[in-house]
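In order of appearance the chains are A, B, C and D, and numbering begins at 1 in each one.
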Amino acid sequence: MAGHVLLALLPIVAVVALTQSRRLSAIIGMGLFSFLLAAVYLVMRAPDVAITEATIGAALVTAIYILAIRRTGRLTVVADEVPGLLAREADRIVGLEYDILRGFAISQGLDLSVSFVPLRRVRWLVAHGEADIGAGGIVPLTGAIDPLDATPGHLETGVYAFDARDGRPTSELAPDYDGYFSELQSKARNGLLSSSVTSLDLARVLSLSRGAPLEGLDRLDGRHGYAFLVSKDRADLKRDLVRYVESLQRSGELDAWIARHVR
Amino acid sequence: MATIVSFVLLGIGILALVLRRDLVIKLLALGLINASSILFLVSIGNRPGGRAPIQFPGETAVLVDPLPQALVLSAIVVNFAILALALVFVMILVERYHTTDAQRIEQEMSRETDEEETPCL
Amino acid sequence: MPLILLPLLRFLIAILSITVSRARRPLAVAAHVADAALLAWLAVSLAHGTPVGLTLGSGSAGVGISMTGDRIGMTFAALAWGLSLAVNVYIWRDRLRPYFFLLVHLLVGACYAVSFTQDLFNAYLLFELLTLVSFLLVGYGRQPRQIWASLRYLILSSFGMTLFLFGVGTVYAHCGTLDVGALRPLVAASAGEPWVLLSAALLTAGVSVKAGVFLFSLWLPAAHARAMPAVSALLSGVVIKMGVLELFRLADVFPLRLPLIVLGSITGILGIAYAVTAHDLKKMLAFHTLSQIGYVLIGFGADTPTARLGALAYAVAHGLFKALLFLSLGDAAAHVGGADDRTLTEHKAGIPRATRIALVVGVLGIVGLPPLAGFDAKAILEDGLPSLGPHIVVWLLSVGTVLSFGKFVPFLFARSSVRSECPRASAYGWLGGLIVAFWPVSVLMTSVPLCLAALGATHLIESFASLLVGAGLYLLVRRHTMRLPQAIFRLEESPLIILLGFFLVFALLLIGGGAG
Amino acid sequence: MSTQKRWIVCSVGIVAFFVVLLSITYMASMPDSADSERYLSIPIEVSGAANRVAGIYLNTRLFDTLIEILVFSVAVLGVRYYLSHSPQISLPSLSESAVVRTAAGILGPLALLLSVYFATFGHISPGGGFAAGVIAASAVLYVAIAQGMQATEARLSPQRIAAAEKGILLFLFLWILLPLAFGDAPLTELLPPGTPGKLLSAGSILPYNLLIGIKVFFGAWLIIAAFAQHRGDL
């Protein structure tokens, strides 16, 4: 009798679980379904199957689903990979900006997640609210970051410009390179830099395997610095981030990190 | 009874797989489809009045058929393996497209056709 | 004994190749030498007429898992060996993770095991292993398209395998055994009963998802086209054939004649239609794989010994030239920067010479130029076809093949100074040599009189006729582009199409059961 | 909108027809269960396992189990390989609530005990190595909730565990090939069956259960750790 009731419950629970619009509810519903199924197996005198279903189907599967979808309280960072600032090394992420962002996330009680994407997608994702912060060698030149907002900057740098057509330096500024940093690196190695890039900033070039020819390029006037991109609607986030970086500067910790990662 | 329920569960699973657009829910539906086949196999071995297939020397009670149960143990593990890997692949897709909607992913992909695809070898 | 040693040794090599990853090359050599020895052992005992069988574990026959070495299994295992050799040579110098080699060895080991196992549930598990490994191999490059193609593959094939498992359950509930050999008399005794129809339809539908049958395997074109060349070659060459092999085994037990012929015709015609209209040549090759599975199914469904042997030979021949084409096309695309016909033609000087020769041999083999592999196997197959209908379909497919491979012609002939890497060229040499010298190989697979009959005048004339007609059609239509509906390949529709295919098989079984 | 409705109706129709077809054909010829006596007709003394499921799973159909373990290992490696490129997350702890932590701290050791029981008595009572391994892994997950992921990972470093997991797999394969040395086919049982019901009985089933238990424990923990480290963006 109990067996029949349990059996009849199975389709009902399955339908309810799979019609949920929230993923978490659906996952928990299917976890419940698995437990019911384990009970059915027990009633059907299959104890081994019941144990396996309960441990794998109900517990392990639900656990990995929940780990996979957990999104609450996280800081999403999208970045182009730039060695020294934010890059993968073996299976870890290292760099100055990573240290800053991790410290910021911990101070705010958030999980930090970093995705590496090409530069133009960094801008797009931050502008469309798909990510909280853009990072990885962002230099906010006037007009270059238009729909977005940027922090004042945490590492000073110089910006060089050159014209692709005749290879001669020019003070005119063209849009930044918008592919992957790694492609840039391989182009520099093959001497194809000037044919594909019209303006570059210093540290990007410096971190390009050291051999890239830079003679004869013009350094742009004015002070430039690496900064983080945030959406214009996220004034609170920007305020908190700026405050955190300022506190790092005051305590001298930022200089220590810069010394460790960049110089 | 259990057999029919397993068929119904299979149907529910297929419907959810076809009609729900969220990839995570699709994977849950796939889990249901797999579970339905396991319920079916267990129900085959079941027989009225049979006891769980644990027998000590000298006992002669009627037992349920142990073979489907042994088969099912392997099937459960295989299904788990498939699910874990599928979930990882969904996570990779989401990293790129920032959505779990299967149709939106397919649209984005056809929009990107002009983008260069470097062969791996 | 070699039956179980073949897969187990490969699995062991696979595990060793991740534990001692430095030794991957010696391990690969050892694996192929050992496998060759075991296959030779098996072939010798088969030639002596000793039945090669084995029951694993301490169960008695019909209870434990039994393996049998017969001509079919032996042939497919040898095919797996040959392609594994080619692929391992091809990637000899490539920098890949140890993980990749683990997957390749596991794939081959699982293929060996599928070739010999007689147990339905064991086959189910092996298919799941194959699914998982090929899923991971397709997605190895981690490009979003690869990931999406392989995810679709995983979901659909897991769904198909569930149907298969339902079939296994039904069979077990009625017969109390999972052994194909023991099932044959039991099923024959209750022919026409509902449960036979049900289990036959479920098992056939389930395996068809893996076997590259059109309604069922709609994941295939994307997965095979997106994977790396070495992976595509293995998938199209062997993994699909394992599904076909299981269909062959099922056809021994269940009355699958009519379903095989109908599914084969549908697969062949639709596959060739999509192949003709595809411009991404890797995708074209993948669609063409579908059409070739059509041949094999028609041949096996015809149910005469000659046609069956022809189907077997054709499966092997297709494995050889499709692997060669995937490998060389992938290589060419890597040199040129794209796999569509326009890019390849524009930059044809950039294709290395050995690659181009390999492409020529592959194309000539596939369009059936006498006496290369395609011609020979097709001729044996056609000799066994009893009725006119399948004959016409097979001939149409040949014309369609010529038509779709016309797209290769513009970039095949050019002067180029680019040299191929040595491993690549050796892999082409091995496969190309087998294709050119296929006639003696087919004698081993079939028999001397059959192979002599295959060289008859009618076949030669027919072959040249299809070449001419195909070439003429190609010249007529090459300026036109046509697009067939692509929506059926989406993840949403595919499960339903699989169900429709299941209904079709069920109906055909009903009709076939009534007539026979 | 109407195309979508038509699509829904169409798929519901097809699936409903499928389910009805399946049910009708299946009911049209119900099997009589007497056919499946084959496996029960083997006396338990052959494998020596009182738990007949374990007897089939780890003796008669050991090859199936072997493939299943391969599948699981491939999955573990695959999850680690594909997630290693994904964004990493630095997580201070899995749960902040003190109640959850305390409860997890108590549940952990209990689950560990259960898993040892399942692995050791798998041939006599329900359980078995696979369930034992998964339970052990979830026990460690409880510990991770109680003490923090970093502390747990420091003790159970994924690199070392992955190496140990491969080692066990290798050992299992060599063990299975061992009968070759005695001229038997691989997968042949080498140890005596003993008296069914005793702890030391059922030949190799007990060692298999223990080995599989440890292997699955490592594997399942590696999967959980990988997912915890690279939580998705779903």
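Some notes on this structure:
Assume a residue touches a chain if its C-beta (ideal position, glycine included) is under 8 Å from a C-beta of that chain, and two chains touch if they have at least 3 such contacts.
Just so it is clear, the model here is predicted, and its values are computed rather than measured.
Chain B has the C-alpha centroid lying closest to the overall centroid of all protein C-alpha atoms shown. Ranked by separation of Cα centres from subunit A, the top chain is C. Between the interfaces A-B and A-D, more contacting C-beta pairs are found at A-B.
One simple way to say how far apart two chains are is to compare their mean CA positions; for subunit A and subunit C this gives 42 Å. Separation between the centroids of subunit C and subunit D, computed from CA atoms only, is 32 Å.
Averaged C-alpha coordinates give centres for subunit A and subunit D that are 34 Å from one another.
Among all residues of subunit A, those that touch two or more other chains are 23, 47-48, 52, 56, 60, 64, 68-69, 115. Residue positions of subunit B with contacts to 2 or more other chains are 8, 10, 14, 18, 24, 44-45, 52-54, 67, 69-71, 73-74, 77-78, 80-82, 84-85, 87, 89-92, 95, 98, 100. Touching two or more other chains at once are residues 11, 15, 18, 22, 26, 31, 33, 36, 39, 51, 53, 61, 64, 67-68, 71, 74-75, 78, 82, 85, 87, 126, 128, 130, 223, 232-234 of subunit D.
Applying the touch criterion to all chain pairs gives A-B, A-D, B-C, B-D, C-D.
By the touch criterion stated above, subunit D contacts subunit A in their complex at residues 51, 53-54, 84-85, 87-92, 118, 126-128, 130-131, 134-135, 137-138, 141, 220, 223-224, 227-228, 231-234. Listing the residues of subunit A that touch subunit B in their complex gives 4, 7-8, 10-11, 14-15, 17-18, 23, 26-27, 30, 33-34, 37, 40-41, 44-49, 52-53, 56-57, 60-61, 64-65, 68-69, 115, 125, 130. Those residues of subunit C whose C-beta lies close enough to touch subunit D in the complex are 1, 4-5, 8, 11-12, 15-16, 18-19, 54, 56-60, 62-65, 97, 99, 102-103, 106, 110, 113, 121-122, 125-126, 128-129, 132-133, 136, 139, 142, 166, 170, 172-177, 193-195, 197-198, 496, 499-500, 502-503, 506. Contacts from subunit B toward subunit C in the complex involve residues 10, 14, 17-18, 21, 26-27, 30, 33-34, 36-37, 40-41, 44, 67-68, 71, 74-75, 78-79, 81-82, 85-86, 89-90, 92-93, 96-97, 102-103, 105-106, 109, 116-117, 119-121.
On subunit D, the positions that touch subunit B within their shared complex are 8, 11-12, 15-16, 18-19, 22-23, 26-27, 31, 33, 36, 39-40, 44-45, 50-53, 55-57, 61, 64-65, 67-68, 71-72, 74-75, 78-79, 82-83, 85-87, 124-126, 128, 130, 195-197, 223, 230, 232-234.
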